[in-house]
């Protein structure tokens, strides 16, 4: 069965990669000292942790993207029966792309495809 | 107990355990992606139930949606990485009780219900069937969903976007006071932090 | 086995560019044996080129400790104390590639012991066993979890805690594609710069670029030497910008060209310029990015001024040049694009002058425009005023669209 | 072919192509830099050895679990991507009848993993790389979905083997000329190379990999090559008819076509400059995405 095959491959590679990292870490005896752990900032030391409430400059784009993604999900089964259904499916796609295009145009007009 | 059964139990365990861990971790990012893991396991179970498209589409959707959710959770939650441990749930006694009760109830229902057993014959074109349904009886639902999603796009942009064709969303806006008629509280957009600087 | 393979790899080197008697590090790039890495984490050897300010020693030590074991330091440049091991230093005029290779091989094989850490092996703030959970934190945001505080919002937000954090840190002085010696205190919100302040100014132009111009002050010098130095200087400036827009190979090519120009080889810049143009360099530099007003351009002088459109160039009044009917090249826009194009034009023009008058001599004290505005006073403008509101990669482009002399004059120390 | 032989072929294909890309990178860079290449064939191995010899670094309070998992998962995804591709009409490791949907899942999960890799290090440059990668990685995914759906139309199936069989008459690259270029852009984005290197570029000192050294970095860099290989193999199958072709046996054709696509991908990654993430986002949404719409319409009208 294809799924089990894919999952086996996934599992094997992940396990192997983790093992490699573990073995390599074991092989070297030297400990990572505190001064080595300081994140690289060109020689400077940070004042705080880097983990912050990171201001995502494209947040509206991600919301539009999610809606897009949902629409896309209908298109895969549609694609399979496209030739069988013929013109009806073509009209279907027309409506689809129309909706998506309106979405893009609106987002573009509101300027959400830029860093805000 | 064949391979499918074993796989089912493994996925089921992953789904439940990772779903539970979501509420035990301190890091917003870990929480999001634990939830994603739970959904992925469910999606794979759907594949076992001979719904390959729906199953893998679930994986796919949940990956991107949890990605976006992680962005927003990090942006809105204090201490997003959970460097200081914290309790993620409110009223946890009540929520634990409610959760256990609902799980038991639903599981009980599933056990007592007698499901009609008409397994899909192997080799059925399930995806094609789905497509025919979408272009057949369910056409109306499907079209409605399409338009609704467009409405969602517009609404989400209106609600979230600062930039806009009529200028910045917060020009001249003042945060409401804490008590009626009081001083505007909090950050004034004019002096504002990040939102004040945005570039083109 | 692993050692033997690793010893054959190109030597991963992280370069810390010093100021005094600093050699031309781009010479390293001629040899395919050297990999100059973007971060100390990927390097085995910390190459200190020249000497650094005393105030920069701490930064240097921190970078040294950030290299993974096995690691070693190599000093390249004059006036190294004799306490330094022969295997770990080279004078600025000789070629260190052989020594670097040997040092690296011994490092890998274990013949040369990996250097231990220079800074104290203790967390920035003691945290073990403190706080409610023994990780040094208090409550939601307080304390020093794992040794550091958490980023905080710029203003105390009494409403809903939705004011986003800002991340304030010093950046520099030793980073690739960063003006050597410059230390800024930058406040980020996300990946956009809110504000920046100068902590340490960048280093002045390198000696390797000054030599012929200084010599001209007190002895007759060949026009060819002066113009080759100019072309080389501009090529190195161009190389920084090229690597920032994701063209590392063209950047390396530009630096190799600079080395060959200094070595009196006959080279053409046109192919490089064409390649960069075909790669979409114009698209990569947004129009108007880093535009400066004419007043600032006038005060800066040099290429920056000519990129703003006024053809001020000391060479216009120099008989040796007027005989070659020299006219300054200029741009109009005065933004990053314009300054880059200016560098390209001036470098090409310089090489054209060399081939036009290969053996023209200029007697001492002759007035010649340096590659940068020479011996000019500091000006009351901070380069940091250009950065707020820029996304990080754009900010880097703006910084690197000025030569080090211009940056020095735009970044005198803030007086507290 | 037995499963064993098939698996062996898959391993050989993955490792061989990854090595091939590394060699190609070296040669192309040398040509661009105007100097002679250095031990071009063996250099990748030397570099691997160097990374293995390095100590694996830590930072202050990293998310260690995710930091170590991210490279492994990335490599795993690339592996499953290659497994979807049939070597010949009868030999495919994972004959999934919703193959291109699984590929979509690979794209989505890659974005998640690159983000995790940058986030886990708890360092500003890693964060910048991770966040701007998400900004570009998400919309690029939409383009590739449209392009793949277009190839599914004539095949009336989401399975990659069926899509290949549907190209016996004409390859999709002829029927749907815009598809391949758009899909190659996705390839550059999935392994963040050249113009799409927003995750690990030099202006953020290595970005998500800025704090990574030793074996984790080796796995990460290998996974990037493996993912590029997967993209090329899928592109070769979906647009260039995979194993179809005269004279040679099927597997050979697949290898040749994949190698050719990889050559183009490496070339693109060296030849093109990177624009600022903000402008790239605008470009994708306002130019490339509408272009993929038109592409789908064209493919649809043609398929009827």
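In order of appearance the chains are A, B, C and D, and numbering begins at 1 in each one.
Basically, a residue touches a chain if its C-beta (ideal position, glycine included) is under 8 Å from a C-beta of that chain, and two chains touch if they have at least 3 such contacts.
Just so you know, these numbers come straight off a predicted model, no measurement behind them.
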(message) Under the document's definition of touching, what chains do chain A and chain B have as common neighbours?
(response) C, D
(message) Per the definition at the top, count C-beta pairs in contact and tell me whether C-D or A-C has more.
(response) C-D
(request) Tell me which chain's centre, taken as the mean of its C-alpha atoms, is farthest from chain A. (result) C
(message) What's the distance between the Cα centroids of chain A and chain C, rounded to whole Å?
(response) 34
(request) Compute the distance, rounded to whole Å, between the mean C-alpha positions of chain A and chain D. (result) 14
(request) Averaged over CA atoms, how far is the centre of chain B from the centre of chain C? Could you give it in whole Å? (result) 46
(request) Would you give the residues of chain A that are in contact with at least 2 other chains, written as numbers and ranges? (result) 3, 28, 30, 36, 38, 40-42, 46, 49-57, 62, 65, 68-69, 76, 79-82, 84, 89, 107, 114-115
(request) Enumerate the residues of chain D that touch no fewer than two other chains. (result) 52, 55-57, 60-61, 96-98, 101-102, 119, 122, 124, 127, 131, 138, 156-158, 205, 210-211, 214, 277-278
(request) Could you tell me which residues belong to chain C and also touch two or more other chains? (result) 39, 41, 68-69, 123-124, 145-148, 150, 153, 164, 166-167, 169, 175, 189-192, 391
(message) Chains as vertices, touching pairs as edges: which of line, ring, star, complete or other describes this one?
(response) complete
(message) Please output the residues of chain C touching chain B within their complex, sorted ascending.
(response) 131-133, 135, 137-143, 145-146, 150, 153-155, 157-164, 166, 189-190, 192, 194, 388-391
(request) Show which residues of chain A lie in contact with chain B when the two form their complex. (result) 1, 3-4, 7, 49, 51-57, 59-60, 62-71, 73-74, 76-82, 84-85, 88-89, 92, 95-96, 99, 102-103, 106-107, 109-112, 114-116
(request) Going by the contact rule at the top, pick out the chain B residues touching chain A in the complex. (result) 3, 7, 44, 47-48, 52-53, 57, 61, 64-65, 68, 71-72, 74-78, 80-81, 83, 125, 127-128, 130-132, 134-135, 142-143, 145-147, 149-150, 152-154, 156-157, 160-165, 194-195, 198-200
(request) Note which residues of chain C are touching chain D in the complex, please. (result) 2-3, 5-6, 8-10, 12, 29-30, 32-33, 37-39, 41-42, 44, 68-70, 108, 123-124, 145-148, 167, 169, 175-177, 188, 190-191, 243-250, 252-253, 256, 275-276, 278-281, 283-284, 286, 391-394, 396
(message) Which residues of chain D touch chain A once you look at their complex with the stated criterion?
(response) 52, 55-61, 68-69, 71-73, 75-77, 79-80, 83-84, 93-98, 100-102, 119, 121-127, 131, 135, 138-139, 142, 145-146, 149, 152-154, 156-158, 205, 210-211, 214-216, 218-219, 277-278, 281-282, 285-286, 289-290, 293, 296-297, 300-301, 303-304
